[in-house]
Amino acid sequence: MPRKMRYMLDAKDLACERGERRLFSDISLALKPGGFARLLGANGSGKTSLLRILAGLTRPAAGEVLWRGEKLGDIAEGYGREMLYLGHAPAVKDELSVAENLMFSARLSGIAASNDQCRMALEALGIGNLAPLSARVLSQGQRRRAALARLALAVPLPLWLLDEPFAALDENAISRVRALAEAHLARGGMLVLTSHQEVPIAAGNTQTVNLGV
Amino acid sequence: MFSNLFNFASPQAFYPVAGRMISWFGWSAALLGVAGLYIAFFVAPTDATQGESYRIIFIHVPAAWMSMFLYLVMAGWAGLGLVLNTRLSGMMASALAPTGAMFTVVALVTGLLWGKPTWGTYWVWDARLTSELFLLFLYLGFMALKEAIDDPQRADRAGAILALVGVVNIPIIYFSVQWWNTLHQGASVSLTRAPSMAATMLAGMLVMALAAWMYSIAVSLARVRAIIVAREQDAAWVRSGTR
Amino acid sequence: MTAAIVLVLRRDLLVALRRKGDALNVLIFFVIVASLFPLGTGAEPGQLRAIAAGVIWVGALLAALLSLPRLFAADLADGTLEQMVVSAQPLPAVVVAKIAAHWLTTGLPLALIAPLLGLQYGLPGDALLVLLGAVLLGTPVLSLIGAAGAALTLGVRGAAVLTGLLVLPLFVPALVFGAGAVTASLSGIAPGPHLSLLGALLAVSLPLGLWATCAALRVALD
Amino acid sequence: MGQERDTVNWGGVSEFIAMGGYGAFVWGSYGVTALCIGVEVWLLARGKANP
């Protein structure tokens, strides 16, 4: 049994280097169910790098990230079963249709979604009608919505790590994403996001991590 | 926490230590080199069949040994860097590669210049020479990969993976070329059958190999210092003027 | 584990199906390369037969090399690669599936068309069969080692040429045993040992290529 | 019949350079090696990490 866990996600004294430059150091962040953290900082301050460290993609120069008390390195895809990471690039394949993309991404996270569940998820982002279309024809905003449709299916995943989820979205889409995020937090899920837009998200406890200039 | 396991692993601590060792290894290389040359030209007798041209063996064979040995050492350092994530190990691997490639070129060129008087043609598709050529390509691939990747840490780790794949493949390549050589040409033309190994010849080659080893250590230490400076360019301690 | 492999394999084959041009172009490239040599070396039957195995095999190496960027570069660009690395599916399974998809869309077609080129070079019946067997056994090695090269050079300047510089020396054993099998059967020697050595090479390349590709992907996405 | 000597007697510098007719190849080899080592040391002396 891993040692007593006060936190589900526990990142301690993280530091990150790009090339020889040190982006940030001594950054800590801990989340309990229902916890929400917002990463602030100027462009290039390392917000995305910090999120990628939390997702287990980037190796921190110092410090470590624990999930349920265990190091990320030791649990590998076990972590992937409980965490959703959406990066800058909307992970949408041009050759596949919108529905096929969503089906595949959901299965990647271990969620076996049926056709109509996928359709409902796309509806939640207001692009239900685009389901059969090839992703090639989507606009940038629609592409972002197609990527964010995964949030509607990611109910079983307790931890969401979202990089600029509101980028390239119109008002309507932003309110939809915000609703999904707030529902997730209400269910006891945890959310870490980076964003330049000031989009208030109702949450039990809100932390901000400021990476400064 | 591993890096203070042996504090030499941190580039800053290793920099002055390397500086002190360079001259020691440099001088021992020079002395051993002179001794080797003396054996090569004044002690080793004239060969009955090849006359004097076989004296090239005192450069060709040690260089070939060093080219193989340095790739192993390079892969060792690189593998260490990958496992322990110590930056110095990756730098040591980068420091060794050019010297290893240099010895491979020396082995190839001396192989050509030895082939001409002995078999009448410069390039001999002999198993060892051909494998040596592909070893050179492995070195060039390693250096090209590290050069192409900007982020030093990614370059070190990518280079390490390539070096480890390479070190597994060297015996396989050598065996397959050996197999290919026996299939196509028969073993008539081969550098491997050196003239009868008089004791002095073996001694000469070993001394030259030792000299080459000392030389490689000295040169690699000097190069690792240059790499440390280049990489730690913006690190504070470099600007504070410690040399 | 196998569910993950099937998931990614089906997706990659679907993508390949939707972009039939890619696999076809590699095949056409292979045929053109093999058809160029006689224009250079002259079409004297005895000579053609002697160089057939070497030419066809080097053509297969270059064709496989040409198709390597397709393995990861597109997925890196649209962000799907990092989703696979950070997903609930084990990375080795993802990599096995992608390499299998690459082999099915490149190695297998090359193997099926190689005997046709063998005919063009005047290879007798049994040599054609050995050629088919050798290329079938050898091309997975090219995909495995090639995948490691493609992952190492992911997102790097001049990646296509650099990949060639890294992997072509590592293709030497496959070339020697593969072409050697055909040459052996031509001169009446049983190709058995060559093919078994090729099989042994495949057995070594599987874990080595898999480890290297997974490690290289983690490094590239760091 | 020369008795067993411990050192080779070249009988003069010109014979040494001629190297039994193989001078070009032997001194070519040692020359290339010296050149490679010289270039490498020179590059490092100038503080360049070379390739």
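Brief remarks follow.
Order of writing sets the labels: A, B, C and D. Residues in every chain begin at 1.
Here is the rule we use: a contact is a pair of C-beta atoms (placed from the backbone, for glycine too) under 8 Å apart; a residue touches a chain by one contact, two chains touch by 3 or more.
Not measured: the values here are computed from a predicted model.
Relative to chain B, the chain whose mean Cα position lies farthest away is A. Innermost chain of the displayed assembly, by C-alpha centre distance to the whole-protein C-alpha centre, is C. Averaged C-alpha coordinates give centres for chain B and chain D that are 20 Å from one another. Mean C-alpha position of chain A lies 37 Å from that of chain C. Centres computed as Cα averages put chain B at a distance of 31 Å from chain C.
Rounded to a whole number, the gap between the C-alpha centres of chain C and chain D is 46 angstrom. Contacts with at least two other chains are made by residues 59 of chain A. For chain B, residues touching at least two other chains, in rising order: 153.
Residue ranges of chain C in contact with chain B, taken from their complex: 145, 148, 152-153, 156-159, 162, 165-166, 168-170, 172-173, 176-177, 180, 183-184, 197, 201, 204, 208, 212, 215-216, 219-220, 222. By the touch rule above, chain C contacts chain A in their complex via residues 7, 11, 14-15, 18-19, 75, 77-80, 82-91, 221-222.
By the touch criterion given at the top, residues 6-8, 16, 19-22, 25-26, 28-30, 32-33, 36-37, 40-41, 44, 47-51 of chain D touch chain B in their complex. The touching residues of chain B, counted against chain D in their complex, run 41-46, 51-53, 55-56, 59-60, 63, 94-95, 97-99, 101-102, 105-106, 109-110, 113-114, 116-117, 143, 147, 215, 219, 222-223, 226-227, 229-230. Chain A contributes residues 17-21, 59 to its touches with chain B in the complex.
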